[in-house]
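Just below sit the structures, each encoded as structure tokens.
Below, chain A partners chain B and then partners chain C, in two separate complexes.
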Partner chain A sequence: MSATVILETLRRHFAHIAYVAAVLMLLLIGTTMAAVDGPAGATFEIMKLFIIIAGCQIIGPEFSSGTLQLILSKPIHRARYLLSRVAGVVLALWIVIALAYSADVIARGIGGHKIAWLTSGGAATAVAAQAMLVCSLMALFGSFTRSYLNVALYIGGQILLSMIGGFLQIISKIDRGAFAALGAFLRSHPGVISTIRTIDRNVYPDPPPIPFDRNWLLLVVSNAAIALLLACLIFRKREVPYGAD
Partner chain B sequence: MSGIRVRALTKAYRSIGRRHPVLHGVDLDVQPGEVVGLIGPNGAGKTTLMSCIVGFLRPDTGEVTVDDRASDDLDVRRRTGFVPERMNFDRRATGRAFVRYMARLAEVPRAGLDARVDALLERLGLAGAAKRRLGQYSRGMLQRIGMCQALVRQPDFLFLDEPTSGLDPNGVFLVRELIAEQKQRGAAVLLNSHQLAEIEKVCDRVLFLHNGVVARDETLRDATRIVIAVTLLEGSFDPAAVAAATGIEPAGNVLTATVASDEQTADLVARIVGAGAGVVDVRRRTADLESIFRGTA
Partner chain C sequence: MARTDLFDRSSQRALPVWLPVAVAALIVARVISSRYAVKSATDLIRWVPAERAARMAGMTQKPILYEFTAEWCGPCHRLEDEVFRDSRLAALINEKFIPVKVVDRKRETGTNPPEVARLEAQYRVVAFPTVVVAHHRRNPPATLVGYQGAAHFEDFIRGIP
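Here is the complex of A and B:
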């Protein structure tokens, strides 16, 4: 990892009006929810959109603007640069999560409400892990696309996987008509549907059923590591013609 | 230190079902202390060639080495400076922060880093704008800051893509000076430019890239070779007599010759005068890039 790149990534976030505005908005929502004793950890649900917006900027836009070519003319290994960029964005997101968590605790304390340490802390940890996974996936999708296509792949993939999973589930129940043969095939090969559902669960995991679920955290972190490994392998070989889009 | 070496380089771009060849076997050498210009019409493959040499693109076949190593070798990168045609970076970063960041990436030691950055900004005439955001910079200022980041570690290999585009005359003079300084230091400089006059002023050699091959390799400056143009007084001479005395046929009233020293120039002029011609002017000149460009393109 390169501390220089991580710090520069953080600087870019802190100097970005959209980042500052989003942080203030999240803090405002979190504080208000806590002040009225709303459900603990609700702010973190809103954060998912923020994570996608921050994550999609990891590499694609740098590629398209020509910034990446300037960077790669310097003595920094491509994989090191990519990992540092991901680390910088994840850190920027973790700072927001920490601030939101602190705001929630402080506002509940001031309002005299019960502080749900476990629920709120669990939700913060889960969203922090999800931030890591989303950024890793954005880096992976950005390693072979340009501009903001990575976010299109991420959201498109999520929609497509759930649609295909649901569609095959329905077909598997059909035992007559045009889809009878396909239905029979899916019933005799349950692995097809379960594979699609497993991919869906791994790439787009739902929040853990219990706070600080170790298995869930392990799943998310290991999937993020695999995504990063693939991203580095692809990015290492990628051609970077210079000039903006 | 070896220079930049390219052998039999071919490169094609691929899109769905199509292959578009751009470079068809380019050979090129840039020695340390040499400034080589790359010119050619649009689509000739100049940018692709430079991208392959800098290591942004992978050649299909052929070999690219910089100091006998692959151009994307990190040690080579440490000694490489690159100025893109258009500078693109976070517009919210200040000029100084940008150069500082690039200096850190270039592994300039922390001790003396700030002094080095400030000295370069001063040298490029950007000291007053160092705290301004890049978004507020003009095109010329961005070119200058691009030059700053490329020179921050005194590179041995300098790649410049249209470094003077968008620059005012003072900026052009400055870039010219900087290139001369790099040459003096012993850096190998490859300059991609459409500005023939500029190429003529700063380059030792120029390569004409046309249809993906080096169509001509023209030496502009050589310690052993001086091109002179002798302007003869119209009506004062018999072209055949001048040609017989010098061995060179005058073109109109101008006789262009290649000599190795000032003594040879004096001898040539004496022979012209001896043939009965009046001499109006003797000028040292480099190759006429414009006519060569027209002929090649």
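Here is the complex of A and C:
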């Protein structure tokens, strides 16, 4: 990976007024919640949208702006560049997560409330792992889409998978009427619903019920690695002509 | 003319060797790790009060899983320790059923709350633990009396359509 690209990505984030404003807003909300002894780890729940917004700019928008065409005219390896960009964005998010955790602990300490080290730490670790997965998926979607379509794919996929899973679950219980045949098929082939649920759980995992769940962390990290590998495989073949957009 | 571009363009699209190796290592670690369940210090089931369970079951079309238990019952504690604190099995139960815990208090207080007594009579509970899976549109309910290990329990809940 390239330290220059990672540092430049970090610099771009923390020099961006919107990013800094969003971070300050998050810290303010987190501190306020901790000061009134709100639920431990709640700050990290509201960070998910922030992660998606930060993660969606990894590679897709660089096609549209022409930045990528310029960068790839230089002697730099495509996979190395992509991985460094992802690492930079993930690092920028991890810094925010660490700040939010510290703010939570300090605010609770000052407010004289009980500090839930484990619960809050577990939530921070989970959201840090999720940040890695979201950024990897955004890089994967961005490796074959243009502009901000990667975020549309990510959110659309999440809604679609959850809806299909729910609908099929309901239809599988129906044993009369228009959907009776489909219901019978789904009951005799339970693999259909479980496959959709498995894809949903792997791509959009809910936070684990146990802080520092080893199996959950490995699931998220390995899926992030698979997404990155696929992103690199697609990105190395992709043509980036000038004026394509 | 002096050559200024010393970068080998053909290698610009090469994939770093360590990446597929790291992916393979992570997948192997995940498969091995998943064989050893992670236990929680607390129950991971999202228990629903009995009075709300029927309404939720109607809305979600999920069957209700009743766990009939008692404080003094040793096998009940084993069931809770080995199944309800296991992240994988707990996730399966939370996803597939509306879980309801019914605690028998007859030995401690001499009598049971009316709702507990009604459910025990309805499902003919005579021993603990008893797990009953009831679907509002399917009869009769599936019943598992006693606790014979997590694998047996998993077979039971997976066998319910």
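Just so it is clear, the second predicted complex is superposed on the first by the 244 of 245 C-alpha atoms of A that agree within 3 Å, B and C clash if a C-alpha of one lies under 4 Å from a C-alpha of the other, contacts with A are read in each partner's own complex, and residues count from 1 in each chain.
Operating definition for what follows: a residue touches a chain if its C-beta (ideal position, glycine included) is under 8 Å from a C-beta of that chain, and two chains touch if they have at least 3 such contacts.
In this text the structure is predicted, and so the values were computed from the model without any measurement.
In the superposition on chain A, A:S73 makes contact with chain B only, not with chain C. When chain B and chain C are set side by side, the one touching more residues of chain A is C. Applying the stated contact rule after C-alpha superposition, one finds that A:P208 touches chain C and leaves chain B untouched.
Of the two partner chains placed by superposition, only chain C is touched by A:L229; chain B is not.
Shared-chain residue A:F167: touches no atom of chain B or chain C.
By the touch criterion stated above, A:E239 is placed in contact with chain B alone, chain C being left untouched. Shared contact residues of chain A, touching chain B in one structure and chain C in the other: 72, 75-77.
Taken in their complex, chain B has these residues touching chain A: 47-48, 51, 54-58, 74-75, 77-78, 80-82, 84-90, 92-93, 97, 101-102, 104-107, 149, 159, 161.
Listed in rising order, the residues of chain C touching chain A in the complex are 5-7, 11-16, 19-20, 22-23, 26-27, 29-30, 33-34, 37-40, 44, 61, 87-88, 90-91, 95, 137, 161. Across the complex, chain C is touched by residues 72, 75-80, 83, 169-170, 173, 187, 190, 197, 208-210, 213-216, 218-219, 221-222, 225-226, 228-229, 232-233, 236-237 of chain A. Across the complex, chain A meets chain B through its residues 2, 4-5, 8, 11-12, 15-16, 65-67, 69-77, 239-244.
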